[in-house]
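Residue numbering begins at 1 within each chain, and the chains themselves are lettered A, B and C in the order written.
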Amino acid sequence: MKTLLTTLATATALSLTLVPAAQAQQDTAEACFVYVGSHTDGGWSQAHDIARLEMEEHFGGAVTSRFIENVAEASSEGAIERMARSGCDIIFTTSFGFMDPTVAVAERFPDVKFEHATGYKTAPNLSVYNSRFYEGRYIQGVIAASISETGTAGYIGSFPIPEVVQGINAFMLGAQSINPDFAVRVVWANSWYDPGAEADAARVLMDQGVDIITQHTDSTAPMQEAAARGIKAFGQASDMIEAGPETQLTAIVDTWAPYYIERVQAVLDGTWETSDTWDGLVDGILTMAPYTNMPEDVAALATETEEAIKAGELIIFEGPINRQDGTVWLAEGEQADDGTLLGLNFYVEGVDDQLPQ
Amino acid sequence: MRLELVKRGNPSKTLRFFSPLIGLALAVFTGAIMFAILGKNPLEALYVYFIEPLTELWSVHELLIKAAPLILMGAGLSICYLSNNWNIGAEGQFIMGALAGSIFPVLFTDMQGPIVLPLMLTFAIVGGALWAGIPALLKAKFNTNEILVSLMLVYVAELILDYLVRGPWRNPAGMNFPESVRFHQFARIPELMPADGRANWGFVIAILVAIALWVMLSRTLKGFEIKVLGTSPRAGRFAGFDAKKMVFFSFLIAGACAGLAGIIEVAGASGQLRPIISPGYGFTAIIVAFLGRLNPLGVIVAGLVLALTYLGGEAAQISLGLSDKVARVFQGALLLYILACDTLIHYRIRFVPTPKAQGSAADV
Amino acid sequence: MSDATLILIQAVLLTISTAATPLLLAAIGELVVERSGVLNLGVEGMMVMGAIGGFIGMIVTGNPYIGAVVGVLFGMALSLLFAVLTLTLATNQVATGLALTILGLGLSGLIGEPYVGRSAVRMPVLNIPGLTDLPIIGRLLFGQDLIFYISIALIVGVAWFLFRTPSGLKLRAIGDNPQSAHALGIKVIRTRYLAVLFGGACAGLAGAHLSLVYTPQWTENMSAGRGWIALALVVFASWRPFRILAGAYLFGAVSIGQLHAQALGIGIPSQFLSALPYLATVIVLVLISQNRRLTLINTPASLGKSFVPDR
């Protein structure tokens, strides 16, 4: 039942497939996870692994789980198939690059449920789930513009894909709501996880005089570098407060556990259905780490912004918003639809970087 | 006591055959110790690692998929190493071959029909060879170190692939995510036995290429030239062989093989370009070449063995929760053991008491 | 110049220096190895073992200096393996070096697994009131960590050793012609063992710099190809110590410079900028090797060839 509600609540329309008659209740289930990185990477994969353990604990022995890590996207089909054959009831593949291999394996194993994170292809036994990370980015932008003295933030990007572009745009819109002239400098690490490259990027940005570091990469290296120079920074994917107790302003924390619990429960109940989930702050799929190392009024403003987003009073991609070149993207009151956001490949006005087209 | 090498009059034929087997046995033994240290039952772990992946037909298909690029590149690299040309950039040649071959399904999507696949294979061969031609040209012309150049070009190739897949070659209908269009049916390498698993004709191509290279090495003058120039450049010069031409020949062959392997991977198992298309096949192929005794027929066996370590690594993670790094430690140890065993082919090892006198026994 | 400009220049130089130090260390060690006639392509593997060794040492003792020593020992352990194989068993040096890299990357990943995601104590930096505060060069010269000073001392020390001491002369003689050196009673294999171990120690320290200074944490493959760059630097330097210094800082400048270009939003795809350091390496290798006179004088003549003493 809960699944159905979530399904209806998701923004994207989808065609519901009928529950296969064969699906029955079961007492135990085996949940399997495929990670693109190491389960201890301190970022993306670790967030999924924490959720996996939380889910396992929630079911107290009724559900066992296994994972396979550092799966190269290039050769993931074989690994996913091996998982499917090893007795898993439900398999979570947690990287965009696993999309087509997951689709292919799902087709061959109609009795196994598949869940693919951050993709867009579904099937009768394949759901997709994602998180509106950009909502957290907007709050970060508000904080950054409130406390920055130079009016310039450094942004370490992984790759120019829609998810990251959404983040940069949301960050910029949040910052512009406080300081219309706020500037952001972007450096691409060309990796999700390369502490050396991320640290270099952070150092270069700070050399150029930015006094806030934001990262859309997964390691704690930028946080460490910012801490070393006494500059404030935002964490990504996990709460990185340990890497910068006096540095981290807040962090976007991926909290997949509620979703995993819900989906595995559906398998146990025999009610699992294909769904297309793109949840936000209000659903608890991402949370903000405590607002620390900032004046109280800024923390209050951040909390206020967060509440407004949760309440649906603040729609981040709502006009008037211009594109980078100054042309109108969204007119007054107009809202971007999810399809546009999912494929976003241009910046909003004020971002000083060029996207590869 | 100290250890001393005594050169054999003739290289031992028996050991030439057995040395890789001894190396393999030692590596397996080391693996068992490693499993025990990691708290697993060594026998069970070895079974999961080396036997389990072979007990199911679909898994054997996966083995062939992984073995094909390793065999192709290992055979090509053997030619390089035999002729004393140190190409360690097969990974980059693999990528450039895949890119060159993918021009057709990615840019000329309208072009369909049975002509597409042969064109893709040809372009891939040329693409890989041209990329390998860069270090060859620089070595032949300027005496530039080919090891470093071929390796640097791996990084460059990776970045070119990354740029294309995230930029101009991105799938227009793919929500701006980093992947190319899926190749249409004429651009896919057909599967061997679709009912049983995913293995495709790429494996057969790999075997045929390896056999062809073996024939060239063992039955033609060119093969003789390769070996002479490799063991004694001086003797080669006296025989009238051109070492510079050999640089090109060996690099182009290896690059062509790697390029072919690249297109077989993307037009075979994966069916599209992604930011990363190889889990390090180009580097593993170096081990394959040595494990195969730099003999293309041996490389076929070696390619299957190394492909098995990939599958075993996956199986061990799933069934035993063993770390994925175990496979790489095993690969490195295997190569070191093989190299050490090779010494036995050319030398006898003697243990002699530590000498008291100076002079003749100057060395440790 | 305005204060802001001065601060910017100092900061940029410092960042370049941080990027250059591990390259410098690994390269000066390999230079000694190659001067003795041995080509160890396993720098990458020894470096990454140094990184995990340094990190484990630091976590266990809480002291980054002890960590650095452990890193050095890890690098040496791997180089000893290389020495036994190539020097005692006369295996192919190129292939053994490659195997060493593969083994080092795998082994470090395996023993490092429990340490992923933990933060280290960063090695402290020098602070001399007055000197450290000097504009531009203050923090560059008087405000760095111990490993930086060791790296500079090693350059000077190696140059002095190779060209000003009898042992250095012997080492170079071995590299040029081990047969003659052996005939003269020089202990070829023993000297080469020591050279290889020195190279391992330097690569280990370079790795420790990565996990204790560069990014004080442990991640798999954190050497990220720097070992190979170090090998290229030795050729770039045409086996002369002071040129290593120039080469390492030049390479550091290119790799940091491309990030500055990105941050300024110049609109060139980041992949092309990221490829610059590698392309620059290739171009420099070509330029150096083109100059036959320069390379012939300095290249150790027996580089990469096994030597088996016949009694």
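Everything below uses one rule, namely that a contact is a pair of C-beta atoms (placed from the backbone, for glycine too) under 8 Å apart; a residue touches a chain by one contact, two chains touch by 3 or more.
Predicted, not measured: the structure shown is a model, and the values here were computed from it.
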Find the chain most remote from chain B, comparing centres computed as mean CA coordinates.
A
Highest-count interface - the chain pair sharing the most C-beta contacts
B-C
Averaging C-alpha coordinates per chain, one finds the centres of chain A and chain C separated by a number of Å equal to 38
Please report how many Å separate the Cα centroid of chain B from that of chain C, as a whole number.
28
Sites on chain B at which at least two other chains make contact:
159, 162-163, 166-167
For chain A, residues that touch 2 or more chains besides their own:
190, 356
Where chain C touches two or more other chains simultaneously, the residues are 113, 220, 269, 271, 274
In their shared complex, chain C is touched by residues of chain B numbered 3, 5, 7, 81, 86, 88, 138, 142-145, 147-149, 151-153, 155-156, 159-160, 162-163, 166-167, 283, 286-287, 290, 323, 325-333, 335-336, 339-340, 342-343, 347, 358-364
Contact residues on chain A for chain B in the complex?
66-70, 72-75, 77-79, 81-83, 85-86, 96-97, 99-100, 120, 159-162, 190, 342-345, 356-357
In their shared complex, chain C is touched by residues of chain A numbered 38, 40-42, 46, 154, 185-188, 190, 193-201, 203-209, 219-221, 224-225, 228, 242-243, 352-354, 356
Give every residue of chain C touching chain A within the complex, in rising order.
4, 8, 11-12, 15, 18-19, 113, 116-117, 119, 122, 210, 214-217, 219-220, 222, 224, 255-256, 259-260, 262-265, 267, 269-271, 274
Residue ranges of chain C in contact with chain B within the complex:
41, 45, 81, 85, 88-92, 94-96, 98-107, 109-110, 113, 182, 185-190, 193, 220, 225, 228, 231-232, 235, 269, 271-272, 274-275, 278-279, 281-282, 285-286, 289-290, 292, 295, 308-311
